[in-house]
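Note that chain A is present in both complexes that follow, paired respectively with chain B and with chain C.
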Partner chain A sequence: MNTNLKISNVTKIYPGCVANDNVSLEFNSGKIYALLGENGAGKSTLVKILSGVIIPDEGKIYLNENNLKLNSPLDAKKNDIGMVFQHFNLFETLSVFENLIIDSDEQRESLREKIDTIMKKYNFSIDLNIPVLNLSAGQKQKVEIIRCLIRSPKVLIMDEPTSVLTEQETSELFLSLKKFSEEGILIIYITHKLKEVMQLCDEVAVMRRGKLVSVSEIKNENVESLANKMVGQNLKTIKKKKAKTSSDQLIKITNLNFTSEDPFETNLIDINFSVNRGECLGIAGISGNGQSELFRVLSGEIISEKNSIEFNNNYIGDLNPQERREYLMAFSPEDRLEQAAIPQMKIFENVALNNFKSSNFFNNGLINENKIKEHSKKIISDFNVNTDNIELKSQFLSGGNLQKLIIGRELITSPDLLICFNPTWGLDVGAINYIHETLIKINEQNKSIILISTDTDELLKLSDKISVIHKGKLSKIMNAEEVTSEKLGILMGGAD
Partner chain B sequence: MIKIVKRDQPSRAIFFFTPVLAIFLTLVAGGLIFFILGFKPFEALKFFFIVPIADKYGFSELLLKATPLCLIAIGLSFCFKSNNWNIGAEGQLTFGAIVSGGVALLFYEQEGFYILPIVILAGAIGGMLYASIPAILKTYFNTNEILVSLMLVYVSKLILDYLVVGPWSNPEGFNFPETRQFSESAKLPLLFEGLRIHAGIFLALAAVVISWFVFYKTYLGFQMKVSGFSLKTAKYAGYKGKKMIILVFLISGACAGLAGVGEITGPIGQLHREISPDYGFTAIIVAFLGRLHPVGIIFASLVVAITYLGAETAQIFMQIPKYTGQVFQGMILFFLLASDYLLFFKIKFIGLKK
Partner chain C sequence: MIIDINFIGLIIASIMASAVPLILASCGELITERSGVLNLGVEGMMIIGAISGFALMTVTGSLIIAIFGAMLAGVLISTIFAFLTQTLITNHVATGLALTIFGIGISAMIGKNFVGIPGKEFPVIFEGLKDTIPLLGPILFGHSIVFYFAFALPFITSYFLKKTKIGLIVRAVGDSPESASNQGINVRLVRYACILYGGAMSGLAGAYLSMIYTPQWIENMTGGRGWIALALVVFSTWNPIKILIGAMIFGGLTIIQFHMQAIGVRIPVQFLTALPYIVTIIVLVVISRDSRKIRLSTPSSLGKSFHKDN
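On to the complex of A and B.
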């Protein structure tokens, strides 16, 4: 049973931008296809057209020579096109089983059998009776996949599925996808991660600014050639210069413990480390092993014992983030949209979230708007944020530009230490490069960084020293040159 | 064919248009209800919304009712803007009235310019004290402020009941459940001879101006805005969350307490059981109808105040129970919530095409 999906001359125009410009593509089952492109290249629009969320202005979709009319996601489901979105569409408080049957009109019992068969076949082990909120990101994704599989789809579209997964979960996902493909399901895999494309896919279609740039077989490509096609220019490869070894200690964490009242959080156990000036300490780990808690303890969102954190010869464990900023620390949290910035607020208002006293954003309890705006303009030009309107609501910035704004906001006070958590999560290659260059520059100015990241490549590229966090405990701190990604992988898995 | 499309960005115009639409729909639905009840809809609506404010007296009554609504709603907007759900303004109003009434009774048969400011201050403090209960329970014991503030409403009403029946009841009052009349010095001055509108309206206007200033010009206002959008961000920015929660509750309680003072030292002149026709609850509708914006709240309080007056005239001229007023208030909130759908979606009329 062969499946053939054809996209023919699809065009979708939004006011002010052509999201898909006359795109034609053909897919056949038995292969895994990558749809590669930077954020905003038009790949999401294309898959939303395939899944009926968006109706194209022009063009047709054919499945096995039948012209499909996809006016709603329901039409896509009826035509055996399944889709797993980047953000999960699950009801957190309902059980896994309830989530699975919610859009089906089959009998509960026959569905349960069907689900059991699917889970057995693909080695998925998820308790059907617990609420979805208790699942890890990888398990949630499996629930989404099962929900598609129930309908025995001919086409399965995965939209940036690994952005929330750990390395191990990613490799599990890849195994499943390969199995699906062998069984005749046509798989379209949307991503901007080049390595994944090389690892998983058979053919790759690259999009840039709404246009299809190339379609080629993976065996004829390598990471560099794909990156160049995706970005459209030859990328400079970033190399970090070996830092001057300094013995001037900036921050020292001693016997730091954190016990959470929330059962879904990770306790931190006996954390000890120190960072010297001009150094970047990378903290690796599979997500959910205490990184978020560690970040919050370091930033002061969680207060700890006064003596547990020594910064620049001051004990600051009991200070809140604003007070810590005055000691020249800066923080870039993982969640750009819900924590580091407020999308509904204007750019300059978001800049004012970093209330560093000598910035004079607020005088005697009053807002000093001119000062804030002045600073915002400087950040926008110094950090290449792609807009010149500081009155723009930040929801209209792309992820990369928002991250530049946040990093810029944190760095404008010239802090001695920047603590960042997954700073390039979900960004495209261009923005990632920019952020990496910025971080390297900070080190070159003899300032320090604590980089908590789940991206091993990023850590190996930027760090001078690396440690791994596993179940709330830090491994011993290693020199970055001596560490390989295999070694990190083993430590992340919890082995010594 | 009609199609519903998601808006990319809620427009500013629609933000202020939906309250107007809600009022219009309320009128239509109200007319329909009158029609079903056997009245001529237009005439009934005229009795409800136009007749009550057609003369000077009616207009003064309108402002009289709008004053506490506006004052409380302004206070509530401090809470609502910063993600704190104070539902108990009615209780804070009652407790403010109790404290200020008690102070006013202390000065029974005394005159002096200093009495009124003390009475007013006592009311504000009473409201603040009462609002501090849910605030402190929320910040230090993680209780839900919605439940606590709501339940405290009934507690305060029972305290008032006890006082006016028991210890504070008028010795010469033939056991009526009411206190003595306050002395003239403890009463808010009337603005015009023969009209009931009193100086309390200036308190409301001052609250409007101050709140506008705080919301849009101060660090506190900025922190409230950030906390309203995301508590996580507020924490990350290092705002002192507990301090702010208590502060907004205190402001809100003070406003409600002042509204209570306005009632008992204004039109009523004593304490009795029924000092407020649920102004504290209705003000929640006013706050949202006014979009938590000081100027919006002025208009919203006037609109909602009409429903109080209209209900009274309708009862007199059409023998409709005065609870119709509450029906109208409910409908306004209902239609407001419904038309808020338009904030995020727009309706597109598209021709049939092949």
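On to the complex of A and C.
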């Protein structure tokens, strides 16, 4: 049975922004479609319209020639459109089964049988009786998918599904999606990751600033052509110049250990490394192997033995982050909205947060607002943050702009060492390029970087030396030129 | 010997009787909070229930009208809260506090004409069976219908939340209103219903005080029981069975410290009066220490306004 989904002249306008500008698209089952675009290109708005979460101002949706009225998520469900959101729509404290039965009209027993059949068919294994909060991100996504499959959908929409998955989970997901497609489910895959589009999809529609830019077959495209369509300008490829090898040691970590009381954290075992001035040390690894613990130990969120960290000839292992900043260290944590910035506070207030002593932001306990605002404006213009309103709450900045702001805030005091953790996670190509250029510039100014990242390409591009973290242990440190991504992959999997 | 045992039975029965309003109000508030709404107006809703019940009983002479009228009064005042917090998206805490102040004030005003009027006797059931079993007889038999309902309520509530579809939906809304809304659940409707139910139970708790427990109207007669009910919900970690335990301990210590004061035990009166509060909280904290269970039963969205944007 063929499924045909048609989007006809859809427009959705928000105050100050046209999210979807007269978009028309047509999909047929048997193929996997990619909807590609940068953050804020309007692809999420479009799929929310398809799933009934947002009602468009104009335009119509047709499924097999029938005009659909999608006024609520329920309408989408009734019309056999299933959607897996980027942010899971699960109830964390309810069990997996309770999550699945809540929107089903079936009896417990028959539903349980149905779920079992689905899990067997697609090789999912999830305990139905444990609460969702105990599941990994990949498992949660499977629950979402099962929830859609229960209703035997004609259309399945996946909104940036791999942003929380490990590489292995990603390839499992791709296998399942291909299987669904073979069974006649029309799949629409939303992403800004070009590689995934090339790997998985048959056709690709590119969106930019609310408009549909192009629709084409994958076989006629390559990563570069898609990137250019997505960003709308020819991207310059950045290459790092080989840094002059300096032997001036900046930071040295000796026998650093961390044992956590939380069973969900990773213990760090005998970490030893050093970074010279002007150097970038990349630390690769599959997420959850101790990266966040390492970042917290290096930044001083977790305090360690005084002698374990030597920075600029000072022992600073027992200092907190604020004190470490005094020694000219700077930090850019992984979670931009939770750890790096306070979402409800304005941009300039967030800028003031990490500069307590060395700045003149505060006079006798009073906030020197003019000074902070002046400083914030400088960051915004120096680091290309795309807003001119420093009174804006930081939660309204896009991921890329927020990351630029945070890196800018850290760098404007010109620190000797920047420690960053997944600085380009979830960002679009334009923003990633900008961040990468900035990081290269830091090295050129003879400042150092410790780059903890799960993105191997990024590490190979930026690092001078690379090490891999696995189960809290660091591999030997290698020169970046000698390392290939295959070699990294093997080390990340735990082999020597 | 048999007389002694029955005396103990009578004390236990009086402890249970004093626990009734706490159980009723707590179980009502528990449902409200499980849907993610924090209604601090329990004290206000209880006192409205108390005066409405007593006034209707005096005016109409019908106990049935009075009991249901008190519940309806609780529903009406909680409708104000629901309208403000769910439709106008006001802050739960501030609105709840206002509700309590409003309830105490308006009940005092209505109650002016009812001070000093004697109440009616409320019929008890199974009176005749009281003497058939030693100890258990006075505990089990000869109470009002509201008493039996209150002791069944925690179990009904527990069953409702765990086993029924509607209970599941209530928990889901309290866990994540955004997800619930995306699943096509009408969050506002569910929350309205839970708030109104909480109001009805608080109203009934108030009516129990003014019509059955001490059948008369005294200004401010709830005397902070609404706040205790609120505390019970939190310290029981939203578990109806633990509410029952907490209410019994609180009721028990209240009765026992009265007796101790009467006997003249040489402990400062202030300490004795504070004892039920302290011990109840300690016990509930101790029995609810499992942080994983707390995480699982705490409504994640408690007290947060949900505004569906479109």
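We take it that the second predicted complex is superposed on the first by the 493 of 496 C-alpha atoms of A that agree within 3 Å, B and C clash if a C-alpha of one lies under 4 Å from a C-alpha of the other, contacts with A are read in each partner's own complex, and residues count from 1 in each chain.
As a convention for this text, a residue touches a chain if its C-beta (ideal position, glycine included) is under 8 Å from a C-beta of that chain, and two chains touch if they have at least 3 such contacts.
Note that the structure is predicted; figures quoted are calculated from it, not measured.
Novice: Using the superposition on chain A, decide if chain B and chain C clash or fit.
Specialist: Verdict on chain A: clash between chain B and chain C.
Novice: Which partner does A:P73 reach: the first (chain B), the second (chain C), both, or neither?
Specialist: A:P73: touches chain C, not chain B.
Novice: Which chain makes contact with more of the residues of chain A, chain B or else chain C?
Specialist: Larger number of chain A residues touched: B.
Novice: Per the contact definition in the header, classify A:I54: touching chain B only (first), chain C only (second), both, or neither.
Specialist: In the superposition, A:I54 touches chain C alone.
Novice: Have a look at where A:E338 lands relative to chain B and chain C in the superposition and call it first, second, both or neither.
Specialist: It touches chain B, and chain C stays clear.
Novice: Just checking: does A:I101 make contact with chain B only, chain C only, both, or neither of them? Give me first, second, both or neither.
Specialist: In the superposed model, A:I101 contacts chain C only, not chain B.
Novice: With the two structures laid over each other on chain A, which partner does A:S299 touch: chain B (first), chain C (second), both, or neither?
Specialist: Only chain B; A:S299 stays clear of chain C.
Novice: Just chain B (first), just chain C (second), both, or neither: which does A:L90 touch?
Specialist: The answer is second: A:L90 touches chain C but not chain B.
Novice: I need the one stretch of chain C that runs into chain B once the two models are overlaid. Options are 98-106, 116-124, 152-160 or 206-214.
Specialist: 98-106
Novice: Which positions of chain B touch chain A when the two form their complex?
Specialist: Interface residues on the chain B side: 9, 217-222, 225-226, 229-230, 232-233, 235-240.
Novice: Okay, in this complex, where on chain A does chain C touch?
Specialist: 53-55, 72-74, 77, 85, 88-94, 98, 101-103, 131, 133
Novice: Using the touch definition from the top, list the residues of chain A that touch chain B in their complex.
Specialist: Contacts found on chain A: 299-301, 320-325, 331, 333, 335, 338-342, 344-345, 349, 352-355, 362, 365-367, 393, 395-396.
Novice: Applying the document's contact rule, which stretches of chain C touch chain A when the two form their complex?
Specialist: Going by the criterion above, the answer is residues 165, 168-169, 171-172, 175-176, 178-185, 295-298, 300, 310.
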